[in-house]
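Some structures are shown below for you to check.
Two complexes, one shared chain (chain A), two partners (chain B, chain C).
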Partner chain A sequence: MSEHVILVAGPMGAGKTTAIRAVSETPVVSTEAVNTDRATSDKDTTTVALDYGEIRIDDEERIRLYGLPGQRRFEFMWRILVDRAIGMILLLDNSRPDPLADLAEYLEAFDGFLQRGSLVVGVTRHDHAGTPQLGEHIAVVAQRLPGRSVPVLPLDPRDSAETRLALMSLIATIEMEAMLSTTRSTP
Partner chain B sequence: MTAPHRDPDTVEACARALAELKDTCPSLVFASLVTDDGFEIVSSPSSHDDGRLASMSSSVQALADAVAREMAVGVSEYMIIAAESGHIIQRRVPGHQIVLAALFDHHETLGKALSVSRVTAERLRTLPGTTTAPAA
Partner chain C sequence: MAIHSVRRMPSPVLLRLDIVGFGPITIDPRSGTYLGVEVAALPAMPDALSIETHPAPAAPAETGSGNALDGLLWFIGTHAFGSERATWLWPGDRYRLVRWPRLVAIPDAHDEVPVLAALGAAALNAAELAEAADITPERAQRTINALSLMGLLESESAAPPPTPRPPTAATGGLFGRLRKRLGWG
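For the complex of A and B:
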């Protein structure tokens, strides 16, 4: 069986834990602690190590989903989990003060991974905060990752169908980039 | 509610507890009290790692709790990292969202390290100003 390790990243409160709970077919392993940092996010709890869930695509393929802690002080967990990953869903809370800066910060933080791994950007709370628009997110991605195929989607992490669509878009992107890579390397 | 790491009374009580731990056990190399979500309340000696160790302690504690839940063995009581040059004991302060992480040198027996860390954690049980830790 082939297994795809997919990361779900993004700032605190973007919906990473919710998205994994929405789609995982196994009980989700969570490492939540009471949030004492209410200045950053007014959530009751926050992920301090990882979330873990699984999805079986078919008899031969399984996705292992790892949710990363959103706070920068847990960056060491990002480094641990990124090694085996082949793709990432980056969730951005569009109601935060500067979602485009969040996007740029994450693209920079995972620059090394993004040289080899695939990416889908999911913009959450897009219905509550219409700006920045998806086109602005796309422009930031295009500037930082020129020539790459990166789907940018509005996403409600509570909606299993939408989250699953983002996952399937990511798998399709991974397969397409692998195929293009093979084509380019063939004389 | 004031966060434990921002509450002067909690910080003072935690600093006192670590000083007493060091007095009791000279083999103590380093000790820290951190919140469940990874903020350092106090450490001895002072750390200069920008909170990195506090965050790691919090992550490791949360993973240990998750494993205990997964294995259905109840709430994790303490955790040991045994290394070549010492052992690290982590245990939660009963009733609080606070974790004690203590590094003892390799001359110390594991039994004593566990015992003194338990006494320190128990001593902090009566800390004011923090709420009871959530059930696992």
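For the complex of A and C:
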């Protein structure tokens, strides 16, 4: 069985669970609990362990999608999965107080992974909160990952077509970076 | 050519295109938006076209008003020069994608994703892009024309040719298999 692990990361409330549900072919396994951190995100529940979904390519190959818990106190869960991952979709809620700081924080937290793995950044609620603009997100990524062309896309995680497009962009980036990139090691 | 030049002018201007038989389009490069005829209604090759520039008002259009400019520039860039090199591009240069376009603004975006990913991974000319993304050289040139018009490419005159590695055993061809699985081709 060939398996490809994709991580879906981002702050609490960015839409990770929703995005996985939008593309998974199997019922998504979620581990949620009552949200006790209303100051960070005004939602009733939040993921405390993992969300899991998958896409079966055929009987021998599948894409495993893992949604990482957004709260930093569950950071140890990130490390468990990151070694097996080939790529990451990082979701950012543009309506939060400082999305660019969120972006910088996650790029730093996953710096080791991002030296070998590929990344797509999905900016959620971009229609509701026009600022910061996509160009500002792109500038943060360019500063942290110089020489890389990372897809930074407005994304509605409820829209399966948009979310699939983000996933396809990630897969294409993984393959083209492995085939063409002269600045990074082959994953 | 006019759009390419205006987008590089230091002072802010609006660009008005009058397409005979179809109506006007006003482009505000600062906000990345345009007002006027929808892309879907535009002719691939208009019979007649006039172009004017106007001083831009002090404040750009608010985000959310107007249509995304990416879709319009993609359409113009992929049609204006046919499969020839855009006039501002130099033979021999290689191009690298420094910023992805808004995919939702591009028709059949899933077809373009591997092309964009190839240009993001290495500086390529049209022939190299065609080989890497498995598309025709003509389509590769149209794509480079469009992305350049959109201001998403940087040219690298001295970039060495890429030395493609064979696809890794782990993921080689996964994009194509997933695309087929999702019913996208």
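Here, the second predicted complex is superposed on the first by the 174 of 187 C-alpha atoms of A that agree within 3 Å, B and C clash if a C-alpha of one lies under 4 Å from a C-alpha of the other, contacts with A are read in each partner's own complex, and residues count from 1 in each chain.
Criterion: contacts are C-beta pairs under 8 Å (C-beta built on N, C-alpha and C of every residue); 3 or more make two chains touch, one makes a residue touch a chain.
Values in this document were obtained by computation on a predicted structure and should not be read as measured data.
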item: Superposition on chain A - do chain B and chain C clash or fit; value: fit
item: Touched partner set for A:M77, first chain B, second chain C, both or neither; value: first
item: Touched partner set for A:Q143, first chain B, second chain C, both or neither; value: neither
item: Residue contacts on chain A - larger count, chain B or chain C; value: C
item: Touched partner set for A:T26, first chain B, second chain C, both or neither; value: neither
item: Chain B, chain C and vertex chain A (Cα centres) - angle in steps of 10°; value: 170
item: Contacts of A:L180 with chain B and chain C, given as first, second, both or neither; value: second
item: Per-pair minimum CA distance [chain C against chain B, superposed on A] in Å; value: 26
item: Overlapping contact positions on chain A, where the chain C interface meets the chain B interface; value: none
item: Of chain C, residues touching chain A in the complex; value: 62-64, 96-100, 102-104, 109-110, 113-114, 116-122, 124, 132, 162-168, 170-175, 177-179, 181-182, 184
item: Of all residues in chain B, those that touch chain A in their complex; value: 3-6, 35-39, 50-52, 54-56, 58-60, 62-63, 65-66, 70, 97, 131, 133-134
item: Complex contacts: residues of chain A adjacent to chain B; value: 29-37, 46, 48-50, 69, 71, 73-74, 76-77
item: Interfacial residue positions of chain A with respect to chain C in the complex; value: 2, 4, 55-58, 61, 63, 86, 127, 130-131, 133-135, 138, 142, 148-154, 162, 164-165, 167-169, 171-182, 186-187
